[in-house]
Structure formats: structure tokens, C-alpha cells
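Two complexes come next, and they have one chain in common, subunit A, joined by subunit B in the first and subunit C in the second.
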Partner chain A sequence: MTEHPILETVNLHRRFRVTQGPFKPSATLNAVNGVNLRVRRGETLGIVGESGCGKSTLAQMLLGLLPATEGDVLFDGQPVRNISRAAFARRVQPIFQDPFSSLNPRKTLLDIVTMPLRVHKLGTAAEQERRARQLMDRVGLPARFADRYPKELSGGQRQRVAIARALVMQPDVVICDEPTSALDASVQSQILNLLMELKADFNLTYVFISHNLSVVEHIADRVAVMYLGRVVEAAGVDQIFDAPQHPYTRALLDSVLTVAPDAGVPELALGSGFPNPLRPAPGCSFHPRCPKAFGPCSTVVPQPVLADHPGAACHLINPPMTTGAAA
Partner chain B sequence: MTNTNMTDTNQITAGLPGEAVKVPSRLSWTRIKDHPTLVIGGGIVFIMTLLAIFAPLVAPHDPYFQNIAARTIPPVWYEGGTRDHILGTDQLGRDYLSRLIYGARISLLIGFSAVAIAGVIGTTLGLLGGYFGGRVDMVVTFLTTVRLSLPIILVALAIVAVFGGSITIVVIVLGLLKWDRFAVVVRSSAAQISRLDYINSARAAGASTFYILTREVLPNLAPQLIVIATIEIASAILMEAALSFLGLGVQPPTPSWGLMISEAKSYMFFSFWLIAIPGVALATLVFAINLAGDGLRDLISPDGRG
Partner chain C sequence: MTALLTVDDLKVDIKTRSGTLHAVRGLSFTVNAGETLCIVGESGCGKSITSLALMGLLPRTAQRSAARLRFGDTDLTDARHARKVRGNDMVMIFQEPMTALNPAFPIGDQLTEAYLYHKGGTKAAARARAIEMLDLVGIGSPAERLSQFPHQLSGGLRQRVMIAMALMTDPKLLIADEPTTALDVTIQAQILRLLRDLQQKLGIAVIFITHDLGLVSRIADRVMVMYAGAMVEEGTAAEIFGAPRHPYTRALIDCIPQPGKTERGAPLGTIAGVVPSLIGTVQGCAFRTRCAFARTDCAASVPERAEGSHRWICIHADHPARMTETA
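Then we have the complex of A and B:
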């Protein structure tokens, strides 16, 4: 039983109907389009991609907040839809991006951190408070903050409150949806280091979603790169950063700004802007922007990345079976 | 397999040191007295409520006792006024101060109970529509539109005409008709709040929809609710006065401020105090309620915390 990955997605899809206007037919948005991922106990899986690539939709589904249109999220080998909402909530908790909207402005920090305990009726009020105070201390919030309101705190302090709330029920998995992108650079590293310390202390498993590659490189063990709802490349963090295979991963890595004085703004071979996700290109959805696109890219969908197998969904790496289509 | 792991979180507090510290009370006198509008407005409403509750003890005379020999005596500060009738007497010789004090009962009772009913209906509908959106929201919006297309006074007139005028009927009619503003405001605010991440956090923590609506969404609506409630209480009191003035609300000889104004209208040019005194009382009460509402909103909104 312990062989199961703690969190797994099997051919996960999520489609949204999008109304475009009163006289136009509604379109279908494939926000998550056949994602296979495995998260092993104790590891940190980084998920990166541009805005609109389906990262946050995936996070919502991993949290059980959004039902899948097709496919399954498995927790410890069980489909999440078979696990009761309350039982699942104790095991998987979120940390959201914006610490200004993730804390209820009318509640004191103590109320916010004890909320999950009160929802699950764990312990007496005094025990809940003790537990919350202990965790607030652990995440680096002074005890005198307990009776304060979120508006009196800075962004970094608010994010610490969100972390304490996520950990108060001792979950196994924490889904971090861009937990540092709303913070100052100096605060980012403090929060990241705190997250890594807590991971070791509480035996946590992280799914770490970010568009910031250097943050992911810092914290993740394995990385999945998403593009338009699909995982285009998944591999260990070293392989992704040292030897990226998919042209999109390479472009992403090239886009990172460096501190080198003469470097300037990196030049990308990506061409036009982000495509319309309502009308993705046929074949490999990345091919209109791909500098290395060739024959089959515009007609044949590349083999999806399989869970647990490092690889890239690209015809350059896995040439299509149909012979004669290759240029 | 998973179940065995899920029970161990019950021992969350095993061996944790620390002690409980009392959260300071949120409404303390030191904070209330920083809001003079609340002190003044709330004070007036409080005094009027006390007078209304203890009317039998406070009123100097029986409000129903007629004395034809002592009709339209002016208030004590005018020539011909007597100490016995401080605010004079009406056209039937009834003590005007006593009728005013008993009348406060009607105004406050109808104002508060009608708005309590309307507030529950409107807030519930608004919360459901705003939180769930989609079809639920369409139903709520439809109901609100239907309600807004009904002119309150006309519907109230029709219902009172059919069922007869009584305090209960007026309360029910106003309660069932005045929820629209609650629904509209709560719906839009709830829709906004429901998209915020602290609602997602509560959902991810396994909180029920009822918990989220009552503990996470509703407290954030308190400032708006208080403002609407005060506006609506004031408006319900005025509407009761209007209905009674038209003869379709509270029936004579029950003293109601609206009815008193109505009964006094034919004496307006000879004994103007008969119309001025209940008018001033009505205006003061409505003004005080609005003042108290403003102060209360400032007091409880997190941004207004001193």
C-alpha cells in the first residue's frame, strides 16, 4: 500500500464552456487536457508554465475543489471522488498565491489559523488555540500577533499565517499555488526557506506551482512543464534545468532574466504571443511558436508525457510512428 | 489504509505547552465612545425604545381616554397650556404625550420586525445567488426583478384592503416586500467574496457550504447589512406612517404616529402642534436610526477600527 504515489492524476481533463457573446456559439476551453502526474511521498513536484496554461485549474483539482471532466485524481491510490470531503481536506491543504485575499479580513489571525480545527471539531477550544499558537510560533509569527487582523500584517507575514493554517491539521500534501509570486524578492526567499524547513519537520509532500523558474529550481525535486493544458516535459529538476529537451522548456529557461550586465532582455525564438486557448493549433499545440517545428508537428499530436517517466511530448524526441510524414 | 492515517490527527494537541489567552472583547466602551454618531443616534433610539417598552409606566394618562371638555389644549409652553397635558390634547381631548409614547411602540415594533423578516429573506436569497451563481442566481435575480416591479405602497394597499388593517398585516406585508435591497446588495457582495481565496481555503479545509456562508461570507457583509437595515427600518417606519395616514395601516383608536398625523391634518391650520409633534418624533427617530447605523458600520468594519 505504501507503494502508491501519494497523489496521482490519471488522464486528467477539465473543460469549461465559455460563452463568447450573445449571438456566438459557446466554445470549449480545455484548461487541463490529459495530465498524468505522480507525486511521491516526501518529494516536491514543481509545475511551471506561462499564465493560462492550466496550472491553477490543476491545483484546484488536486485540492478537490473542482471536479474533473474526465480522468481521476488519486490520493494514496484511491480516487479522490470516493474520499469524503472532510477526510481528504485533512490530508491535502492549499497555500494560495495572494496572501491579501486568502485571509478573511474580519477574523483575527488566531481565528484564521484555528478555522480548519473548528471545522473538523478537533480538540477543545483551548487545545485548538494552543495548537494554533504553537504553529504560528513555528512559522515565525510573534505571539502578540494572535489577536490582530490581517490588514495589520505585511505580505510575508500574511503568507506565514496562510502556511500555519495549511499545516494546522498536519496534512500530508500541501498544494502551493504560486505561494511566493505576490511577495517581494527578499521575502520570497524567506518564505521558500521556511517552506523547505517545514517540509523536513512535518514530512510534507509539496506540489509547487509557479511561473518563476528559479524558485522552482530552488525547491523542487522533479518538474513538470505545462503548455496549454498539457504536460510537455517532465523530469528531475537537474535534467530540466541542465538538459531541457522540449523546445518550450528551452525557451522558458532562456527567458529567465540574468544579472549579467551585458545580457539585456533575452531574445526568444517564440515568435507571436500566447495563443488563444479556445482555438489551440492542431497537432502539437506548441508548433506555431516552435523554432524547430517540422512536418508532423502541425498534424500529429505528440505522445503525452507518462507519469513517472522523464520525457517530453515532442516529435523531436519521440518521432511519430507514421512514416513518410517526417520532413 | 487511508482511514487508519486519518484518525491520528485527533491527537493534535498532545504534549504542547502554552496557555489560553483571552481575546479582547471586540465591542468595548472605549471603542464605542470614539464614535459620537453611534452614541447620539443609538442613545436616542435606546431612549425611545425604553419609553415604548415602559409606556404604561411612563405615560401620564390613558392614551385612549377622551375628554370632550379638554379638546385641543396646546402644549404647556403656549398660552393656554396646562401642566397636566404637557404636549396638549388632540381633537378628542386625549393626552397627546401619552399617545406619542404609545405610538412609539407601533413605529418601533413595525419598523424592526418588518425589517427583521425582510432582512432574513433578502440576505438568504442574496447569499445563495451570489455564492452559487448560475441557475440559483438566475432564480434569485428573477425573484428580485419581480419584487422590484411591484410598487410597495400599491401592493400594501391591496393586501390591507383585502385582509383588513392590523399591526400583524402591516408587518408581514412590509416584511415580504422590503427584502429587495438586502438581496441585491448581499448578492453582489457575496459573489465578489466567494471568489476570494479565503473562501477557497475554507472549502479546502472541508468546511460545509453552510459554514462558509455563515462564518466566512456573512461577517464580511455586516457593514452593508447594517447600513441597509437602518435605511430600511427608517423607511418601514415611514411606510407604516404613510399606510396609517391613508387609513390602511393601524386602525384608530390605536395611537400610531402616522395615524396621529393623519387625524390631525384637518386641524393643521388651527392646532398645528397636533401634526408637528408626531412629525418631529418621526423625523427624530428616523434620523437617529440612520445616525446609529452609520456609527455602527464604522465601529465594526476592520478599516474603521481605532
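Then we have the complex of A and C:
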């Protein structure tokens, strides 16, 4: 039997109705627009893109917090909508960006970390506490912190609590949505090191969502680049960062300001026209900003990137003649 | 060359319930006409408080003192003189343009307000100047934009409006506090290029405050690294990134994943421990509790060392790791 990918999205869509003010018709926002991704057991899939590209909506759908408008999220080959909420939550856990708002300020750290075990009624109270203390120790929180409240902790310590809470259920997959974006550089490196260690220790699979490309390059095995709800390129980390194919991926990489004192600020050949997600351009939605746009880009939607086939949704790579104008 | 801004022994004390917090502890530096000084450090190092202290915009609970604080010939410690310079020759832009702009007024009113206050003249002249400035920062159809409200603009456009507003009075010094932190990477690159082009065209000096070392390496003429309210090292971008002398500077650079240098997936550098409390007196080197090269005499006073334009405050004559590398 072939092994199912642990998490998979099949032609996943999520649309929102957006009101535009009184007397105006509401518009449709295609936050996630036909995403096909496979997350293999034990890997880290990085998802990158700018604000509004749909990466956080996708994260919520992968967590089962937001139903799909169309398409499916599969967990171990089964549609998530057929799996009970509780059973799914045991296997897939989140770590969110802002540790200041994702922890209940009125609970002690021990309460916070044992909460998932209590909700799922796993073990006796003593076992729950032992397990929670074990994990708090593993993520580097001193034992004396158990009775403290989140407000007494620094940002990095709070993120450690969030990690302990996610791992206390022994999940298979952890969805990390911008887990280090709110942290200082020296704290970010500690949290990234910790996540990499824990992945090896607990055989975890990560979906790592971030706008910081240097971080994703460091931690991911495969990377998907999103633009206005679509995956425009997906491939192994080496291919994405060493030989990007899609012009948008290239522009994103060029705009990363690495430490290079003489390099100056990169000149991006991108138009400054900021895309309106409510009215994406016809054809390839990136074409108004694309330095390499040509004939079909403004009319024909590029072939979407298929799961398990590294590639880019771009007419330069897949000329449209063979595919027709099916959108 | 005469310095545009001279800061000598700047201190900011903030009264808190648990005692006096020494947010800035004796900072001395100069900014020359037309150059870019980057102030870099992690949260709580006092970089933003420094910028507010220079502008005289500190909250009431904060007490500023300085042996010398001069802008050209103007003594900024004198409130009446400072008021003539602030918002006129010396201007500031902030991180979040949505909160820095008033949502209740069209941007035209906000652009012309400081100009009318400092330069006088007719509203029509101020309006003409506003159109000219919006055009300069690359905003299309500027005349129509004047009647728009901040919420009608994207983040990148709002930051361009902030820059246009700062340039209205033809300033000599621009203080920019994390102006691109809230922006996407591709927009960040465009705003940074815009700032650089304007700086070259208009000969403005810039104090750029940020936590992003990569960004600093790309735009700075000189860099000042702050830790716990004090300078630890200052030098040209090449000196700071090529041969950092202070253990903190070097440790901070090692924390960030550097594409091409750091191996993907390898553990990143970390800085153990936490920033010391700045309440009460701080003796000796504030970094000593986290420093891998600390000695017992670091607790006493630590000498300031200099080599040409490169200054650093450390017990070691050179970075200890560098001494063994070169030996």
C-alpha cells in the first residue's frame, strides 16, 4: 500500500463575502483559490508570501478551523470534514504568531499546558501534570514557572509555552503560523533551534508559514510560494532558493535584505501597483507587476501547480498553447 | 566637517512604581549632513526612546538630560528653540503609518499643517507644495489624492504619504523609526530605494532606527549598536559587519540565518540569558551576564576603545574570538 501524505489539500478554495460599504454590492474575496499541496510525513513544508496572499487562511483550513468553500483537506487520506473535531485536534496542533494574545492571561502556565489533555480527557490529573511538566522542561521553561501567569513572561518564553501546549497532545503535525515574527533576532534563533530539535525528537511534521524568507530557507525542506490565493511555485528548498522559476519568487528572493554591506538596496523590476485582492487581474494575477509578462499572461490563467510536481504556475515555464484557455 | 546633530551624554530616566528606569544611559554621537546613521538593537534597548528624546516628544513620565544636544547652532534643550526646529528642519516618520496619520482628516490637510505653521504663506501655496511632494515620492495623480483619507490608501502608499509629509518643510535631518517594519518585503525594497534616492537628491541626513541587521547593512553609512540603553559599538557598515569588535554585535549577527553562509537546518547562534533590568544603577558592562567572554572586572567600569571611526565599549581590546582567529 502506498503511504498517504499526512496532510493534503485538493483543489482547495475559500471565498469570503466582503461588504464594500452602504449601497454598494458586496464583493467576493478568493482568499484561497485552488491550492493543491501535499505534506509528507516528517518534512517541513514552508509557505511564503506577502500579506493578503492567503497563507493564514490556508493555515486555518489546515487546522480545520475554517471549512472549505470548495475542495478538501485530507488527513492521512481521509477528508477532514469526516473526522471528528476532537480526533483531528489530537493529530494537528497550532502555534500562532502572537504569544501575547494566544495564551489565556488568567490561567497559570501549568493550566495552559495541561488544558488540551483535560479537554480530551487523557490520563488522570497526576499523569496530565507530569506530562505537562515534562514538556515544559523539554522546551526550556524552568519548573518554577509552572504557577506563573503569561504576563510574567517574555515573548520568547510565551512562545515556548505555546510550543509545549501544542506538543502535549503528541500530535503528528504542527501548523506554525509566523511563530517567530513577533520576536527579536536573538530570541527567534532560540525558538527556531528548539523547533528543529523537537521535530527530530518527536518525529513531527511542520507546516511553517512565514513572510521571512531567510527563516523559511533555513528551516523548510520544501517551499510553496503563494500570491493572491494561489500557489505560484512549489519545489524543494534548494530549487526554490537556488534556481527559482516564477518571476514572483525571484522578486521575493531579490527583496530579502541579507547582511551584505556593499550590496545596497535591490532594484526590483516590479511595478508598484499594489494588487487589490477583491479585483485580481485577469489571466495570471501577477502579470501587472511582472517584468516578463507577455501576450497570454493577461488573458489565460496559468496551469496551477500540482501537488508532488515541483514547478511554477507561469506561462514562461508552461506555454499556454498545449493547455488551452481553461480557467 | 561640522556635525549637523551633536548628542553628548544623553540620558532618559522614566519614573516607574518600582523605581527609576534608566532607558537611555549616556549616549554620545554625531550625525553629519547628508549621511545615514542606523541605530540598531533589540526591543527595549532604548533606540526608539532615543529618537523621541531627540525630537522632544517623550512622554511626561520621562526625564531627559544631556550635556549637549545641538542641531546646527540651535540648542535643543531649550524648548522654544527646539519648537522652531522640530517638524521643520528636523522631522520624523514612524513605523505604522496607519496610526501616525489621523484617520479623520484627508491627507491634504495633514500634509499642509506643519508647512503652514512653520513656513506660513497661503493655503494654495501649501497645496501646491503638497502636490509637488506627493509627486516626488512617486504617488500618481497627486492632486486627487489630497482629498483622500488614510484608510483609502495601501500600507506602502501611506508610508509614501508620511515621507512626503516629512519633506514638506525641506528638512535637513529625517529620523525614521522602523519605517518599513510593517511593510511587505517587496514594498520595503521600494520604500528604501525611494528614501535613498530622495536623500541623494535633497542632501538630507537620516537617522534610521531598526532591529533588522540585514537592512542596516544595505543602507547605513555608519551604524550604532545599542544594548540596554547604551551604545556598545559604532562604526561604518563595513566595520560593524566585517569585523565586529563587541561580543554582543557579533553574537547578534550570528543569530540571524544568512543565506549562503549559514548551512540550511544547522543550529543558529543564540545569546543565553535575558536583558538586565534597567531599574536602579547599572554598573559596568550591561552585557556581561550573557557574554561568553565576560571577566570579573567587566562588573567595574569598562573602557571605551576607538580605532579611527570605529568605537566600542568592552574590556577586551579586540573581539576575543577574532584574536584567536588571527593569531
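Definition applied: the second predicted complex is superposed on the first by the 318 of 327 C-alpha atoms of A that agree within 3 Å, B and C clash if a C-alpha of one lies under 4 Å from a C-alpha of the other, contacts with A are read in each partner's own complex, and residues count from 1 in each chain.
One rule holds for everything that comes next: a residue touches a chain if its C-beta (ideal position, glycine included) is under 8 Å from a C-beta of that chain, and two chains touch if they have at least 3 such contacts.
Note that this is a predicted model, so its numbers are computed, not measured.
Taken together through their common subunit A, the two structures put subunit B and subunit C side by side without a clash. When the two complexes are overlaid, the chain among subunit B and subunit C that reaches more residues of subunit A is B.
In the superposition on chain A, A:A235 contacts neither subunit B nor subunit C.
In the overlay built on the shared chain, the residue A:Y149 is in contact with subunit B alone; subunit C does not reach it.
In the superposition on chain A, A:V35 makes contact with neither subunit B nor subunit C. Using the contact criterion defined above for the overlaid structures, shared-chain residue A:V139 touches neither subunit B nor subunit C, since it reaches no partner. When the shared chain is aligned, no partner comes close enough to touch A:V113: not subunit B, not subunit C.
The vertex angle at subunit A, taken between the C-alpha centres of subunit B and subunit C once both structures are aligned on chain A, is 80 degrees to the nearest 10.
Once the two complexes are overlaid on the shared chain, A:A89 sits against subunit B while remaining clear of subunit C.
Distance between subunit B and subunit C in the overlay is 12 Å (nearest C-alpha pair, rounded to whole angstrom).
When the two complexes are laid over each other on chain A, subunit A has no residue in contact with both subunit B and subunit C. The part of subunit A that touches subunit B in the complex is made up of residues 1, 60, 63-65, 75-78, 83, 85-94, 96-98, 101-108, 110, 112, 115-117, 119-120, 122-123, 125-131, 133-134, 146-147, 149, 151, 162, 165, 168-170, 172.
Residues of subunit B touching subunit A in their complex: 1-3, 5-6, 9-10, 12-13, 16-21, 23-24, 196-198, 200-208, 211, 216, 219-220, 222, 302-303, 305.
Touching subunit A in their complex are the following residues of subunit C: 42-43, 138, 154-157, 184-190, 192-193, 196, 211-215, 217-219, 237-238, 240-242, 251-253, 255-260, 262, 264-265, 267-271, 274.
Subunit A meets subunit C in the complex at residues 50-51, 154, 184-186, 188-190, 192-193, 196, 211, 213-215, 217-219, 237, 241, 251-252, 254-268, 270, 272, 274.
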